[in-house]
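Both of the next two complexes hold chain A, though its partner changes from chain B to chain C.
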Partner chain A sequence: MNDLELIASSAVRLSLPLAFAAAGEYVAERAGTLNISVEAMMLGGAFCAVTGASITGSASLGLLAGIAAGLLVAFVHGTFSHRLAVNTYVVGLTLNVLVLGLTSFLAESAKATGHQVDVLRIPLLADVPTLGPVLFAHRWPAFLLVGIVPLVWWLVHRSRWGLEIRASGESPQSADVSGIDVNRRRRQALLVCGLLAGLGGAYLAVGEVGSFNQDMTAGRGYIVIAAVIFGGWTLRGTLAGCLLFGATDALRLALPALGYALNPQLLISAPYLLALIAMLVFAKSRQGPAALGTPFIRGIT
Partner chain B sequence: MRSSSTAGAAADSAVAPAVEMQGITKGFGRVVACDRVELSVGRGEIHGLLGQNGAGKSTLMKILLGLVMPDAGRILVNGNPTAITDPLIAAKAGIAMVHQHFSLVPALRVWENVTLGERGRVDREQARRLVREVGERYGLEVDPDTKVADLSTGQRQRVEIIKCLRRDPALLILDEPTSMLTLAESRELFTVLRRAVQDEDKTIILISHKLDEIVHATDRVTIMRGGAVVARRETAQTDVRELAREMVGRELSKWTAATAVGTMDALVTPAAASSSSEGEVRLRITDAHANAPDGRPLLRGLSLEVRAGEILGLAGVEGNGQTAVGDLLSSLLELDRGSVEVCGGAVSAGRPGAMHAAGVGVVPEDRHVSGCVLDMSVAENLVLADLGQVSGRGFVSPRRLRAHAERLIGEFDIAVPSPDTPMRLLSGGNQQKVVLARELAAQPKVLVVAQPTRGLDVGAIEYLTERVYRAAENGIAVLLISTELEEILTLAHRVAVIHRGAVIGEMSRADVDVERLGLMMGGQAA
Partner chain C sequence: MNRFSTLGLYAASLGGALLIVAGLVTASGYSAWDTLVALYQGSLQGGASIGLTIDEAAPLLLVAVGSIICTQAGIFNIGQEGQLAVGAMTGAAIALYCPGPGPAVLILALLGAAAGGAAWAGIAGLLYYWRRVDVVICSLLLVFVAMQLLSFAVNRSYLLQENAVPGQVMIPESDLLPLNERLPRLGSYPGLNVGTGVFVALALTALVALALRYGRWGFRLRMLGLNPIAARRAGVRAALLGTGAVVLSGAFAGLAGGVMLTGSSYRIQDGFADNVGWEGLLVALMARNRPVLAVPVALFFGALRAGGGFLASTGVPRYLVSIVTALLVLAAVFPVAFQEARRFQRGRATARAAALEGVAS
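Right, the complex of A and B next:
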């Protein structure tokens, strides 16, 4: 492997956990929730995946435990912000801090043994020079994305459920008048986000790393939010954002090793900078769902 | 109507009205929105429901749609008693409503909007075909693949109606359907409605305050006033004049308890008598045009003048641009065309604080939203508009703040235990006094009061009315925006009527003729 291949391959690897969570965040935001707790979902997913794998002895079951953690965070978030109408940012930030503290404490008190899911090499394709190792040799859950991404797209753009969540995110009042339970759809969208973000976190822990350490997501949830913004609330753009941000992350790790003196802290801020630039560029043309982040309280207007 | 029905029962069902509402009563707190209302709508007719705001039209329809539960009364659909406890039951009974505020999602395409709210798989082809089919059947052509955001308001309403019609309702309710349409679009709409009634045997209830619409489009009309039905007419046997009289009310002297208290008469006589055309023009709005962010026209060439020492009453049915005038004079609204002059100098509309700086004081329509900050103290609310008088070098002086507040509380007779009491704990009347005190303390050249007595008790109404009157006597130009005709007739020297975003007529208080006023409020230039 030459340097370029090495960077490309690590860029893809670093993008994968982001891609799972970003697909979920995309669904939640289209329904109108600017879901900050995606960080908590990922971190909780990572922790529970490692713990689950350690208890059951199976990394695959660990993935399921991670998904369950994501769903739990989503359930709590949805109940507070779309049932009790508590400000969604307050709920999200609280959950993020809570999960960070809880996982750090539990990781200290209970040492888990490391487990990692297997690498799957797609026969033939993985042997293609350059592209092969970059795209076709990963831990097996990575290939779930091949199904998840089209499924999410279909769900949002072609299914009745998707039509209703888009209506809920754009114009909840009109959706309500049309007979849609807006807050229920938003909670459901959050659960989809929890499932995928939990899986993303779990993939990071039992897929790429193989163990849990304190605050191991380190703000990846926020990068996911930045990716959705960068992508102008399209699924394609969101995934492109994940790849871009994964690449900057890979560069940050690789550049010092290759002997380039570039400030790594500067690269950490790159995703957010890019998201800001994207917002500037798309300010007029591609705006987020009109009701993004605003709670919906039923009433006759 | 079932198989067991006898000939007599069949005859009954043939004459049974499509919908009958009997003894419907609904109160919200102390306010009675509907008082033993009887409404009977025959099958295959367009039935007009005429009335001013607060007449109870909308509440009545919400009850019919299952959005509001009545306190008493019953509803018969095709002669069968039906408990409409839920919008779904209304939908099953074949009752659908074209909403006044559109129920469309602008970011979605036409066909997506039309299929929204149904169940089952999304079938794009079928939905598109249905849009075209329903469109052709009723003459409501619209491209199913356009985004609703790119449509004109008239086209949006077509989509709205298609969305309703595709569920094939037996009874269609339209709530002020033409308030955002051009004249040509309105005509087109009524042609469509007539066709639906004739060819498809549909029944339509048309809620409106526009007299010519009622006269031209309906078969029968029910007129409501103050929550009760005051008249029923065959449209062919009535005319706009009679309708105007019934809508506004024959006797306007029912200025409830305020007249009973006796103070009002003393006030009204000089107000009506004095001619105030000699004062200089303090506020002049010329040909104001403005649109809402979503493209809806708010003002369409509104012009008015208010002179020093006079009260100009801006009357009209709610939703005709009153809020926009209030917003314009609070520097909240930018004009596309036209100008605002205060004391002869042009003021740039929409620049924050410009109107206030030019000497315009505003008692806004909704005191909770834009009149005061409920969680701050009375003293703080009293200086919100002008901190300069109680602060120095960037610091607010608590001592001066308190002194200022105590002076105003005394002067305006605000019932409050201490200046530090949170605004939230005050009664509506006292909150309104705080807002008025603050605006008058700034010694404005022009005072705008919008719906000043809405939701207040009699004592507070009397007090505020007197205060506004005195402000004018002291030489302030007062613009009174109100949907309460009685309020305007009590206070104003001159009355202007706003309709569809423009002033369509003006008269001095002495020349007020109720019928003419009603005609203008109903959109007839008279």
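Right, the complex of A and C next:
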């Protein structure tokens, strides 16, 4: 592989965990719930995936454990912020602190053995020069995205449930009047987000890395949020954002080895800066869901 | 009955949280009792420990009070972690490079820290004012930019990195502040000794509490928070007041960074903010946005932070402190929210019953 191929394939690999979680976060934000806890979902997913794989001896079962962890975090977040109406940012923050503490604590107390899922090479396609190794040879869960992304798009934009989700995000009061249980829809959207973010974290742990280390997601959840914002709350844009942010991460890792010097701090903060710039530039044309982040309490307008 | 059940609910949820922690510690093969003793020794046993608790509490209180100002105006600024870092950076730059008599530079550094935090929050405030960019998202994203800005500054010798002896490995941290530019401490080591930063924090807390309760500014701020439309109709300049609240909360976070810098760490390095910004937000939440209540809550969180340093003696990973913190926050929030939800549901049930009765008769 030449340098360019190397960077491209590592960019794709680094953006895959982001893409899983971002698809979920996209659903949650369209429902009007801004959950910072996506970081906790990913980290919990990563930890439980490694622990689950270590206990059962199967990396694939580890993926399921990771999904379960994401769902659990989503359930707690949904209960606190969309059943009990506690401020969603504070709940998310607390969950991030909690899961970071828990996983670090448990990882130090009990050592798990490493497991990794297998690489799947799509026959023929993987042999295409340049594009083959970049796109068609990955750990097998990566190819789940091929199904997940269209499914998420269909769910949000073509199903009745998705219409209700989007209504809950845009105008919860009107949604409520037309008989939609806004908070239930938001909890459900959170669960979808938990499922996918847990899978994303699990993919990072048992797919790419093969083990768990303390704070291994290192703010990827926040990058996911930045990706959704950067994408102007469209699925297409969100995934493009993931790819872009994966590429900046790949550049940060690859450039020093190739002998180029580019400010690492600038590259690390690039996702956040780009998201800010995107918000600034598209502030008028591509706005987020109108009720994003505001709790829905019946009777209060 | 109602009050009794509130207390019972609090006791149950706090007890539940502590039980989970105790179970976790025991299951991981440590002694829950030893852990508790270590936390106590680190935070409350003897003057030095109590002083440490108070020192840890002071920046938390400042951050919390700033966040309360903003929340009262109905705006959430959750970027304190970054504002604190930028504030501390500004303070460090002034303290290290500004010539002059020590105390004057100290005061200038603290003011500069507040200004730095205010400016960083001001970006979020300005973008909101200018392009209606969401304050929460903007301030959150700016946290991570601030972290990298700090990392950048302490990795450049022409900015804040220490002046190392030639040949020595360069560590990403600044020089120590000169002795006469540090906040004076009351008392001496083995006995009770506290930095003077806590008095700054307490004075500002009292000021904010009074202004929010009795001042014209506080009245307008609360009005804006309770109903922005009504406030605007009543002649409150919402954009100005709201942006002002964001900037002011940033100034408090920046000042917290300045107090940490000049009061305890004396130098700035990578990861300087050390979650104080996030935890300050949690303090504000647990104090239910009342400045006076924030004082005991901040002390409690400070005690946890101070005690965490002592955990090493028992072998329990120090991460336990963040687990305890988070679980206690959830446990403290749960009863109120639960009762509100219950009251709301009961209200709906009675309304429905009354409506059905009306139909029947």
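The criterion applied here is as follows: the second predicted complex is superposed on the first by the 299 of 301 C-alpha atoms of A that agree within 3 Å, B and C clash if a C-alpha of one lies under 4 Å from a C-alpha of the other, contacts with A are read in each partner's own complex, and residues count from 1 in each chain.
Note that in this section a residue touches a chain if its C-beta (ideal position, glycine included) is under 8 Å from a C-beta of that chain, and two chains touch if they have at least 3 such contacts.
These numbers were taken from a predicted model, which means no experiment stands behind them.
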Fit or clash between chain C and chain B when superposed on chain A: clash
First, second, both or neither for A:E164, with chain B first and chain C second: first
Touching partner for A:A290 - first (chain B), second (chain C), both, neither: first
Which superposed partner A:I180 touches (first chain B, second chain C, both, neither): first
Partner, of chain C and chain B, that touches more residues belonging to chain A: C
Which superposed partner A:A202 touches (first chain B, second chain C, both, neither): neither
Chain A positions touched by chain B in one structure and by chain C in the second: none
Contact set on chain B toward chain A in their complex: 62, 67-68, 87-88, 91, 99, 101-108, 112, 115-122, 163
Parts of chain C lying in touch with chain A, wherever the complex brings them together: 24, 28-29, 76, 78, 127, 131-134, 136-138, 140-142, 144-145, 147-149, 151-152, 155, 275, 278-279, 281-282, 285, 317, 319-323, 325-327, 329-330, 333-334, 337-338, 340-341, 344
Sites on chain A touched by chain C in the complex: 34, 36, 80, 83-87, 89-90, 93-95, 97-98, 100-102, 104-106, 108-110, 219, 222, 225-226, 229, 263, 265-266, 268-269, 272-273, 275-276, 279-280, 283-284, 288, 292-293, 297-298
Interface residues, chain A side, partner chain B - complex: 158-160, 163-164, 166-167, 170-171, 173-175, 177-180, 289-290, 300-301
